[in-house]
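One structure, pasted below without further comment.
Chain nomenclature is as follows: A, B, C and D, assigned in order of appearance, with residue numbering initiated at 1 for each chain independently.
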């Protein structure tokens, strides 16, 4: 097990906490939605997940200094229940690493007596959807119904989409194994590597706002697209590197 | 060693048990045959093999809920001797993982004092065979003869087929090392990734029915093709993903 | 953790030591600069870093004998402070191996109470730069300013270059995590696999000489190009092998 | 460390033993030479090296039964000194696995107080050599001279051949680290994957016969080519599989 949690503050006491995950992925839908929540709620970083199965490189940030690609845990106390938020620049870069990472996250969740997990992701279409639909699936009918109720989320997902890949899927699968209620909200988006799935993220945010009574102003999401693009720059650079590796061009440093 | 067995019921007491393995592979011949036995005998699941070297994704099942790809152990008491059945959606996804997994399975078999192992698989031809032949090989002449006797299975396999790859082969090889009698039944099939090797599976089932006096009605195999296809959907989706990864199309979610 | 340090002499007592890293990379800028310092200062080898994530081959040296590809630690006492120098023929060959290696190096640095780390590298351009610029970045504004002050090094690096890949980047990133001041000097060079980034290395050497008051005669760098090429032969052969692996030609031994 | 030695007989007491390695490689020169020595001297198998980093498949042998690909240690007492012989169907299939395996072999050698190691290999040319030359290199001038003396082996290898890849090279490199005298005999051969480097192997055998006073009749090597081809069939099948994996054809079983 090379993945470990490293707390950067005291461990907070949490009331009936729920975890929401939004790491980079298709259209970066999950990451856009989660980073917006972090920003709007001014969530506080409490820990980093550290492991060796990630890109072996550092970013240059806007202060001209370097940053390791990171996966971080934030929290925010809300009226009803406390939120844990799993955000990051990267996903583990191999299959075994993904399982290991997700089991490490679930160990944390069980320590915090976390009662529910929501993972966020995108469904890649071959063209840009005008009105992106949100699909919902999960580990049990009850949890899925609970999150679908009163929203436009579509629960008829079987036969429509393929496997859910990466942390968004495996975190769900390992939650089922540990009998932790968990669902995934998946928004349609355009399947191009550098497309920003902002409209898909917006649909997910609407559902989360309603179901969790989040104090977020979704209207300003569009205003923040510039900032989002900058933040996603890190992730895109890595993706671009990855594409280049397979091509002939050399344009990197090291 | 990351592969471990996880019992989901009490460990049963077994009488002179024999293991039959049928995981996804060429034409899915082994999987089709084994899943049919599971269904017909109403075998009971007793354990899961859990490891990190498998696809990092979850399936959507027909209830619109998610399932982790799994490898599972079933058992069924029969008149003569008890059966252990190794079934699953996937095989370990790398070479070291395959060896590790097979050694973990053999540890279980030795605990159950399992006396014999039969692995099932396909031999890929470049076109669809009209009358698929079954070949038999194994770790000792005696065991091979015992299973070939009174059947049409062909024991003259040398020079006709190449190495037996994956769990079907390695389980046999590691059985030899532990001096556990083991054979493999390999049916000819068409080597296309999405071809369903039902006719090859039928020939294997005929031999297993005869030699182990299984109470199965092979005639209904054809009626069940629809169900088989649905069940194999999971495996095919993963295979399809794998093919896609190498192409340009994006059509997945996560 | 398979990476370990192996001392080949007694551990020296060091005064306020600083580590400079220069392993193979883009244009081999870092390696050329560091190997020149080693040579000029007659630094003494004290240890080897040994791990399994490197090319599985040996070189033929100029004495017709074999050498394992190595990564080595040297030291040199200077007027002000002592230098530790990390040199080698290769970098770890996968992402997890790179992280592991860098953490092992930082463990050594903390044992030596090393106060600062400088990593050296190249920035690949699509054509040969006439006047290669040196960029500087690091883990904190203070350290970057300290090294930029009084030199022509450019600290405005954001938006100009992508991620810093390999040991040059990850050593910086993990230093930040351990709160060790660290900077990287990155010189522009031509991005062709066999280009020798001598002119970029010269610009880096000018800065290091000034800031660390190194007793090196940079003028003779050009005279030593022949020797450099010979030394780089080892690294180039490995690179060439790597390129061949993907092609059809066979020209290797083993 | 997943590689381990497994003794299949009592550990023999050996007098001043020397190890000769000949595993599959370029032209299978080393394997052909070593397997001929095994056969001629009727060497006795004493152990297997078992690890997980090898092809995950089993062969069909000429008795229509299966065999795991193996790496085995044999011994033979001779007039002067005892021989340990390292033979096999495969080499470890990744870089870290190769290092691990070689360190495991050297642990055995130190247990046996083995005083010298000879590795055998091929140098791939772009066309078939009429008179294959043997090159010799090693960890020290003395050992190289000792083996070159009185033979036609060429010690001027620098600049003529690239890195020595795989066990043939790494065993040499790690012997140097442990201060065990070691040399490599490398014969020119044709670099085609299925070429049998019999003439290169013959030149190596001449040197070994002379230097170690082996009681072998090299003249019959040609008569045994048929048997060699059969034995190499196993290795070739694996190689062929490997080539196929990258193509479209499916022709395997499992």
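As a working rule, a residue touches a chain if its C-beta (ideal position, glycine included) is under 8 Å from a C-beta of that chain, and two chains touch if they have at least 3 such contacts.
Quick caveat: nothing in here was measured; it's all calculated off a predicted structure.
Touch-path distance (fewest steps) from subunit B to subunit C is 2.
Residue numbering at the subunit C/subunit D interface overlaps only partly, since under half of the positions present are found in both copies.
Ranked by how far their CA centres sit from the centre of subunit B, the chains are topped by C. Subunit A and subunit C carry the same sequence, and matching their CA atoms takes a turn of 90 degrees, rounded to a multiple of 5. Subunit A and subunit B, compared by their mean Cα positions, are separated by 36 Å. Under the contact definition stated at the top, not a single residue of subunit D touches 2 or more other chains. With chains as nodes and touching pairs as edges, the resulting graph is a single ring in which every chain has exactly two contacts.
You'll find the chains touch as A-B, A-C, B-D, C-D. By the touch criterion stated above, subunit A contacts subunit B in their complex at residues 25-26, 95-96, 98-100, 121-124, 126, 137-141, 144, 155-159, 161-170, 172-174, 176-177, 184, 186, 191-193. Residues of subunit C touching subunit D in their complex: 2, 50, 52-68, 93, 237-238, 240-241, 249-254.
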